[in-house]
Each structure stands twice: as structure tokens, then as C-alpha cells.
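All remarks here apply to the structure that follows.
Chain lettering (A, B, C and D) follows the sequence in which the chains are written, and residue indices restart at 1 in each chain.
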Amino acid sequence: MKLINLKTLGRIAITGLIASVLPMSVNAKDTVKVGVVSFLTGPAAGPFGTPAKQGAEIVIDAINSGTMPAPYNTKGFAGATMNPIFSDESGGGTKQVGLFRDFVQKQNVDAMIGYISSGNCMAIGPVADEVKMLTIFSTCGTERLYEEKLRSHVFRTQGNAVGDSLAAAKYIADEYFKGKVSTSDKMYTGINQNYAWGQDSYKFFKLGMAQYMPSAVGSTKPQFPKLFSGQYGSEISALSLDKAKIVHTSFWNGDFEAFMLQALVRGFFQKKILVSSVGGSGVDSLDKKFPDGVIMGTRGNVGLIVRNDTTPLNKWFIDSYKKRYGAYPLGPSYQYARAVMLYKIGMDKAAKAAGKFPTQDQVIAAMKGVTFESFADTIEMKRGDGHQAVHSIAYGVTKYNKAKGEPGIEKVIKYSASCIYPPAGAISQKWVESGMPGRKCN
Amino acid sequence: MFKGILKEQTIQVGIGFVFIVVLLGTFILPEWMSNNFMYGLSRGLAVLGLMILWRTNLVSFGHALYYGFGAYAVAMAQKYLGVTDVFLRIIIAITAAGILGFVLGFILRRYREIFFAMLSLAFSMVLYGLLAKAEFLGSTDGMSISPSTMFGFELGRFGLFYFIGFVVILSLIFAHAYLRSSLGHLTTAIMDNEIRVEYLGYSVEKAIHIKYVISACLAGGAGGLMAAALGQVDPDSMVLWSVSGELVFVTIMAGLGNILAPFVGAIFFEFIRTYAYEFAPQAWQMIIGGTLLAIIFFLPGGLWSLFQKINPFKKEKK
Amino acid sequence: MQFLITVLLDGLIYASYLFIVSLGLTITFGVMKILNVAHGGFFAWGAYLASISIIYLGDNEYNSFLYYFAIFLSAIIVGLFFGYIIERFILRKMYNEDIHLIVLATFGLFWILEDLILHVFGVDPLMPYYPAMELGGIELGGIFQGVYSLTLAGLAIIVAFICWYFLKKTKYGKVLQSVIFDREVSVSMGINVTKVYLITFIIGGMLGALGGAYIAPTISVSPGFAIDVVVMSFAVVVIGGMGSVPGALIGSLIVGLVRAFAVHQAPILELFIIYAIMAIVLIIKPEGLFAPPKPRKI
Amino acid sequence: MAINEILKTTNLQKSFSGIIAAEDINISVKEGEIIGIIGANGAGKTVFVNMITGYLKPTSGTIEFKGNNITGIKPREATHIGVCRSFQVSQVFMSMTVKQNLMIAMSLAKKSGSQLLKPIDDEILSKECDKILKQYNIIKQKDLIVSTLSQGMRKLLDIAMAVVGEPKILLLDEPTSGVSVEEKFGIMDIVISALKKSGTTVLFVEHDMEIVERYVDRVMAFYQGQIICDAPPKQALKDKKVIQYVLG
């Protein structure tokens, strides 16, 4: 072969290469491709993954068509239509990391949204930074995500487990402990799934109890069954034998319903006070059977707790969700919707600042540290160097609403973000152990 | 032991294959494909380990024990010692798995057939039980692995790919040297007739033990490389019995004919998985299960037997 | 005391459940020398079929007697249908193959059965709690136990008795034992081994499905939940002795009680200890605690 | 201990769950002797060979090799000290070639372990191997898989594999059974002359009295687990008991 031919070939190849790489970063785009990951199979699909996906769908469709109420009433994401690709979150962290890489490298997505399991978030976080992919976690709760290391490309619109657990402890101190004196009444134990979320939740519940109720004693045998084990016969026995009256749980997904049903059969709730930090999403599926008197949170002002809130955005969300899917939106629906909203805010803000379709770095800069109105509360991206959200968290006590024929909640107390989250830059555990300096409670 | 080994055709073809895969993966193909090649090469090491065992008709239904142990060794070394150097990582993974294999080998070398398979399974599940429940070992979340370095510099994906290729070539050479030696053939002899081997003055158990440790080292190395390539380890995708089952499956799919087969098979497996997962997310297990049955029924020699039919380098037997 | 009673009860309930599931596995192994990974598929299918039947019956407030009818019918249907297809069209063609290949084939079948569930029953977890809810709880040793769960022990006893009676007292049972003891000799004695294999596999499958169907009302039935059951019943069968019926009984009791004790005293060891026992038994007595007798072959 | 005594057994006994397979076996073998062991089927000949070579552990009694007690040693230890054997049914590696079989045997016979790490087709050893194959007249079949060979060929290979270990004492269990009549003497000529050259002591179990007469120095006749006659062949074959229980 003659030399000249090789040269020509080389030139063509290089031109082609440049041509194929350059336009991506310059031209405005009509669509943005976003991977939306939630549990579509397995125990977490029904009560979590599916409502999450549906919540995201409603908001994405509304933004794409410009029909969402203010302040989200402009069309599209920096003018572009979002093209979501829904994907299953089940299978464990290692598998999810592989899929995440596929999303980025094979599907060439513009951003990733979602992830319910803390285990998956811990696995994806470092990889997202490594491959430089803007990723908005919507639901997962482990505080280790940002306290281990600051993340450059990862945002989270959901407050971490610290707030959920501290709010639970404070609620018990404020409401339940009034006038309680006997030792067993003051003892507490827990049943939590044996992974990041469950472990962290119980850890901070314990730390919180030590601060708010120094006289309360933790059991020596809290239970940590495997995630998705679905069978809790022995665990319920062990908890029943335990003197502790308060049982903390951060169970979510099908595990929560399974636990509730198995415990119900065995008269568990006649003797114990259950404190559930995420159970809100399971109340509807058990409906009438769900016991009254369970101390219940929903990880923020979402789902069950804000069902009667009448802010326009919330009302719109509940109405359109009910119209489309024939059910109330659950906590995860709100959480996924929120993550999509942050992406819109970031895109629009960055586009405005840049005067053209924004690059990923511009979007990240725009999202950092923003405060935005969610459905029934305000989300502040004020922790983890502006990447991690804090918000108020509410707890109440379940009480079936006979008049409406649907589950209800009473005695709701809302704790402001400054009351339950450490200040920016602090390490949660140290902060709680040192007496939570500087907290402001309402 | 290694005399003249580079002149052997198997090794030349093997090195050529790895070079082509690495070049394809780093220069020509899109990155997601190169990921599949990288995972395939890594997992192929564990499959090679299983294949070597299988040549004595020992099938381990718990080889994920070493695969996971190697991976977790890398994770632990990072967590407690801050080791991210890729050379140290692979050495740690291989050594850890090798030591474990050496210790358990004293027990396992006495077992054959289904008992060997079951005891391997039991050991792997013991490790699984520990990892899944112990918080300081990451429980079911596992641990994330930071990107590898080499002499203090970030290695990058391509660098890691080259490194994996390098390790695979070394393993091919070692495995071939072992299998072509009398010691390697001795294990085929053991499969044929254990009594005779004893009467020839060699301890059958010792020969199996050696083989077992080699196999464990390969699986451990695979786990270490996989951990580095994926950036994550967790018990469900590294140690659970179904992972062992997958490894055995790839071994059968690849065929026992050649030391290169495990790598071809493992890469093939990664691609089936990626595509099955993409196009039929709720049927990918069915596709893999169906492939497995199809291979068993219609291609008992594995994928390698297809290559042999069209192999231009095929050695003529007199 | 209270503690002891509770651990014992928990252990017994769990053991009963394990026994029903692993009995099918051990019989299949004893007769056919097949370690059937697809047993987990039978288990899952039994659970799912029973679940949707129970949910249908419960939602429409049928007589609660029908729940139990549905449970047994589900087990029989699953066992017959998949048992026949798998034995007749796949395993029968493989009896001369290497034992490991057969295990691998059943592993592939397990994967297929698992994914079929997603397509037939959907991805959401099912909770057919009606029977358990109806029977409620009873106070034993100071704490409430679910009555339905306690009936598991009853079922296990009945199953064990039927099995014993069948093997020891019926003609067909003797035929089966001779096949277990020595296949070649049985063939030469004019026993239709092909038929024996088919029936055995179907019965084994039914027992696996019965385990799933009966436990369904007390758990959350969701995709992938059978994967732990497979290896757990392997452990039971190995501990007791592969192919031995009394072995399956002892194996389940050991695993059930030890696990219950671990959950109460050292939850972190819950999984670890089961497989540690499995390994120890294999090391000390590879044939299992109750190894079935072997013909002497020279 | 007698001069040159290489093997001695004292009151050797073996029983299987109560059934006696061998008892009161007292023999003494001198270095370089060639001994024929005869007896009807089930007389205990193979049990005896199995005990000497460590395949079976005697129920009682002792075995001494060069004055050392070797009762109940393992087969591979027996091989190490120089007690080797061949088998009634040839024990060879069926899925390997003739040459690979012998190469493995030769690699294992080398005292240094390094030969094991060399390729199985190692050049130097390969030449030696061909020499032996030629000697045993199976060179033409060297690349055939053993399972395709005739019984006689396998037998030769089996013996060759035992001989390359350079044993001090070699026990051959029916070396000519399954071998055609024409081949028999050929095989025995090859084997015995080779062994005589190296001064190896040989005990062989044999049914063919012609062969016994032709090659052995001494005959041991077994009946119901006991030795009923231990004498030179001419004398033994005329012994009444031998005629009645063994030959008759």
C-alpha cells in the first residue's frame, strides 16, 4: 500500500473523530436523555419503585408539556424535552455499578436520577464522580455518602438518615414520654435491615435517644435481618421477649408490610410501640388492617403526612397522580418528583446564566446550594458542599380515618431542618455525641 | 518449567488474543463494550481456575468463595491500609485466596464428586453468611473500591485494561506451563485411576491440593481484578452460591478444551448478559438459563468446540 | 424458661417448614441421584400459585376452608406440571451424563422458572395473609405465636408420617427403596425405573411446592425469594445425609433450632452458623448424619 | 534375619468382617529370587499381594522389608521404598496415550521433583521412554489412547510402568492373564530378562503352570487363605496337596 493512502485514511479518520465529538458539547439540544433508576422488580417494586417511577413520570410529562404549576411552569429543561429511560434497581450494588457505566458509556445519558437503596447509592456515588456524570439521588438516606467524601457530580434531594432518626427520637421525647416512668416503658430496641440505611438509622436513633432521653435504655439485642428476607418469625419472637417497649424500625419496601402483617397476627402492637421512619408508604396497602398508634414518619413532608396539605403544587400533584394512577402518591413519588425538579431548576438557571444550552459543569454549578420550593416544604441544598439537601421532617401517630374510610395520621409535629441536621461541614456522629451544638428547634 | 513456552502455539494464540481484545477495547470499540471485555477477561481467570479443577473431574460449586475473597481482600486492603496500587492489589488478592485455598485444601483434597461440590458450597456460604451480616465488612452493601493507581499515579480505565491484559497473559503462561507438565497431566491421570497414581509413588491428595491452590489463586486474582474494574464489591454479586453457579456455567459454556476458552466464554457471557438485560430486563435469567440448557444439549464441548471446527491452527494428530 | 420455650417454638416452626421443603429434595436425590437446584423453582411456583388463589378467595370472602384446599391444590398442580415437563423432556435425556452437568441443567431450569414467575405473576410482592390473620395468635410461654405457623408443625408431622408409611408399608415404597439401594439390580428385577423416576420427581416437586404454598401466608412472596431457600434446603439435606428421610428430619431440626437460637442470642451469626454446621458435618461425616445404606460394589 | 533376606512376613492374617481371607502366612524371600504364587481363584493370592503393597492393611501379623517393619504402610510409601506392583486388571490411565502413561510413571520415578514441572513431552525423558517402549514392544502404539488397546498391550504397559520405578521387589498380579497364548512367553521373556538384569526380586501370581515352571525359582501355593506348599517348582508341582487343591 502506498504511503499516501495511509495518510488520507488517517486524515479521514481524524476528521470523523473530531466531527463526532465536537457537536455534543456545543449545540443546543432538543432532548435530554436521563436514566431514571428505581426498583421495578422484587419486594421494593410495589410499595417503592413503582410509585417512584410514576411520580417521576407525572412531573417529567408536566414539565415537558409546560403544564406544571409555578414556579415550574416553563416548558422543558433549558428548553429541551426530557427523554427518560427507566431501569431496574434490583440486583445489588455491583450489578448497579455495571449498569450505571452502561448508561453513561453506551446510552450516553445527560444525567442520572433516582436510586432508592442506600447500598446502591454508596456504590454509585464514587463511580459517578469517576465517570463525571451528573447524578441526582432522590431517596437513599445513608449519611456516609457525603461524610466519607465530598462528591463533585452527585446531588441528593433527600435529607439523610440522621434527620429521620433524630426526629423520631425527639418525637418520642416530646409526645410519648410525657408522664412515663416505668423502666420497660423507657427501654427501646430496634429491627432494621442489615445494610447502610438500617444500620445508620438505628445508630442515630440510639444517639438521639441518649441526648433527648438520657434515662432511656437501649436493648442489647436489636435485630438486623437481611434486606428482603421477608420472614420475621424468630425476630418478632426475640423482640417480643425483649423488655423494651419501644421498637424502632427503618424498614421500607415489602419488608415493612411483611413485618407488619406477621407482627399483627402475633398481637405485637398490643404490647409494643413501633416507631417507623419510612413506613408511610406501607400504610395504604394494609389500609384498615394497619394498626393505630404507630409512630410514623415519611422522611420529610411527603406522602401520608402531607395528604391534607393544600399548597397549590401539592394539590396539583395529588390530583394528577390520583387521576392517572388511581391512588395517592406515596413518599417515593414525591422524592423522585423532587429530584426531577432540581434538575429543571439547575438546567434553566444554568441556561440563563450562560445564555445558551448549558454544559454539565454549568448545570452542576447552578444546582449547588440552591433552595427550592418542593410540594409541601422547602428543600435547601446546603450540606455536603451544596450537594446534599436538608428539609423539615414530620412525625405523627397513625389513626384510621373512619369518616373518609382511609388511613390517617394525627398529632403531627414538624421539626425544622436546623433542629435535626448538623450544620454544614460537621460530622453527624460527632455532632450528636457532643450534644448537638447550635441546633434550633421550633 | 517455562522453557520454550513462548514458542508454543497455544501461548502465541493466547497472547495474540489478549492483545487484540485489549487493542479493540482501548482504541476502537466504545467504552461500554470495552467494559464487557474487561469484565470478561477478569472473570475468565476464575473460569480458568474452575476448568483446571474440572480436568480432575472436581467441580466446585463454591468457587465464588475465592472470587469474593480476592475481591474483599482488595477492599479490606484499601479500607485499612489504604492500598490502591494495582500491583499490590492483585498480589494481595491472589495471596489471600491462595492462603485460604491452601488451608481449606487440606480438607477438600480428600473429597470427590458431589461431596467436593457440596463442601465447597458450604465453605462459600460460610463466608457469605459472615459478609452479609457483619457491619464492619460492609454487610450486604459491600464496599466501594477507589480507582487503581500505579506507583502513585492514577491508572485510568485504559491503564487498568492493559494491566488486566498483562495479568491474563501471565496467567495463561503459568496455567499452560502447569497443564503441559507431568504434574498437570498427573491430574488427568488421577481422574482416570487414583490407585495407580498412588502406586506410582505420588500422593493423589497432594496433587489435588496443588491444583486446588492454583485454582484458588486464579479465582482470587479474578476477584481482585473484577473489584478494581467494577469499583464495587458486595456479597450478593461476589460470594453467593448463584455466583459460583454462574462460574461453573461459564466453564461449561466455554468448554474445557483450551486454556483460552474460559476467556472467550466469559467475554461471551458478559455480552449475553448486557444484551439480555437491555432488551429483556425481565427475561435475562431465562435467556441465560436457556443458553445453559442449549449448550448442555447441543454443544457439549462448549463454545471452544465451535472454534476447533474452524480453527486454522489446528494441530494435526497422527 | 420463657426464653427457652420461645426459641424452641421458633426453631420448631422453622424446622417444620424446612423439613417439608427439603424432604422433596432428599427424596429426589435418594432415588435419582440428582441434586435438584430447580427445587427452588417448585417452591416459588407453589408459593405464587397459592398466593394468588388465597388472595382471590380472601378478597371475595369465600369460606376459609378453601384456603387450605387452594394450598394443596397449588402444590399438586405445580408438582405435576413442571415435574412432568422437566423430568420427561430434560432430565430423562441426561441420566447418563456427568452428575455435575445435571446439577447445572437444573440450575438453568431454576433461572427459567424464576423469570417465568415475573411474567405470569408480575413483579409486586404478594401477601396472602388471610389464613394467618384468621387463625390469629395464641399466647405460649408468655408471648404470642401465630396459630397458622404452629400448624406448620402439624403438617410436617403428617407429611413425615405419610412418607414413612409409604416407604415402609406399601409395595410401591419397597420398589422405591430397591431403586434407591441399587438401580441396576432393580432394572434386572423388572422394575420400571423410568416410571419410578418420573413419579419420584413429581412427588419431590409437589413437596417443594407444598413448602412454598404453605409458608406463603406468613411471608412476603416476591421475586427472587426462593434463592435463599435452595441453598438452605441443600444445607439441611447435606447435614442429614443426602437421600435420607430421617436425615432430612434431623437436618431441619438442627438448622431450625440453631438458627432460632442465633437470632435470639447472636443475630450476626444467623446465616454463618447454618453453613458452618453444614461444613462441619461434611468434614466429619461426609455422608451426612443419616447416610442411607449403600450397596457394596466390587 | 537371614542374609540377603528382602521380605519376610510373620503370621500375616486378613479377615473381612469375620471371613478370613488369609491367615498364618509366613514367608521369607531372598534378594533376586523369582517366586511364583499359585492357587485357585479366591485362594488369597491377591489379598496377599495387596497386603504387601499396602493396599490392604493386615488384620494382624507383620511384614518386614529389609528388616524394617512395613506393616500397613500406604501404597505410595511402599513404592518409595521399592516395593512395586502390577495389577490383575491393568491399572493404567485410560484416557491418555501409551507414551503419556509411561512418561508420567517415569517422571514420578525420578527422585528429584523438578521433572514433574517439565513438560510431559520433555525431550530427554522422551528418548528414554521410547527405549523402554521398544523394549516392551509397544512402541508402535505409543500415540494411541490406552482405552483402544488390547488387554495384552495394557498388561505390558502396566508392568512397564511398575518397572520404571526401579523397584527392589516387584509383585506382578497375573501378568499373563488375558494375554493370548502366543504372546505369553514373549511378554514373560521380555519382563523377566529385564528384571533379572537389574537383580530385582519378583513375586508373580500365575495360573499357567508352564510359565511357572519355566521362570521361577520357588513356588508358593495358596489354598483357602493359607500357604500349603513353599518349594522349588519341580517339587511343588508334584506335591499331593498342590495337585489336589490347586492343579486339580
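By our rule, a contact is a pair of C-beta atoms (placed from the backbone, for glycine too) under 8 Å apart; a residue touches a chain by one contact, two chains touch by 3 or more.
Computed from a predicted structure; not experimentally measured.
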Based on CA centres, what chain would you say lies at the far end from subunit B? D
More contacting C-beta pairs: A-C or A-B? The answer is A-C
For the pair subunit A and subunit C, the C-alpha centroid-to-centroid distance in angstrom is 39
How many angstrom lie between the CA centroids of subunit A and subunit B, rounded to a whole number? 38
Provide the C-alpha centroid distance between subunit B and subunit D, rounded to the nearest whole angstrom. 43
What is the distance in Å between the mean C-alpha positions of subunit A and subunit D? 78
Multi-partner residues in subunit B (2 or more other chains touched) are 132-133, 282
At which residue positions does subunit C touch at least two other chains? 118, 123, 267-268, 270-271
Residue list for subunit D, restricted to those that touch at least two other chains: none
Select the category (line, ring, star, complete, other) that matches the graph of chains linked by touching. other
Touching pairs of chains, which are they? A-B, A-C, B-C, B-D
Using the touch definition from the top, list the residues of subunit C that touch subunit B in their complex. 35, 37, 90, 93-94, 97-101, 103-105, 107-112, 114-116, 118-119, 123, 227, 230-231, 234-235, 238, 242, 267-276, 278-279, 282-283, 286
Quick one: which bits of subunit C touch subunit A in the complex? Just the residue numbers, please. 2-3, 6-7, 9-10, 13-14, 118, 123-125, 127, 129, 132-133, 135-137, 139, 142-146, 148-149, 215, 218-225, 228, 259-260, 263-265, 267-268, 270-271
As the complex stands, subunit B meets subunit D at residues 1, 3, 177, 180-186, 188-189, 191-193, 195-196, 198-203, 317-318
What part of subunit A is in contact with subunit B in the complex they form? 40-41, 87-88, 91-95, 97-99, 101-102, 105-106, 118-119, 122-123, 125-127, 130, 194-196, 199, 224, 226-227
Residues of subunit A that touch subunit C when the two form their complex: 40-43, 45-46, 50, 90, 221, 223-226, 228-231, 233-235, 237-238, 240-241, 254-255, 257-258, 261-262, 264-268, 289
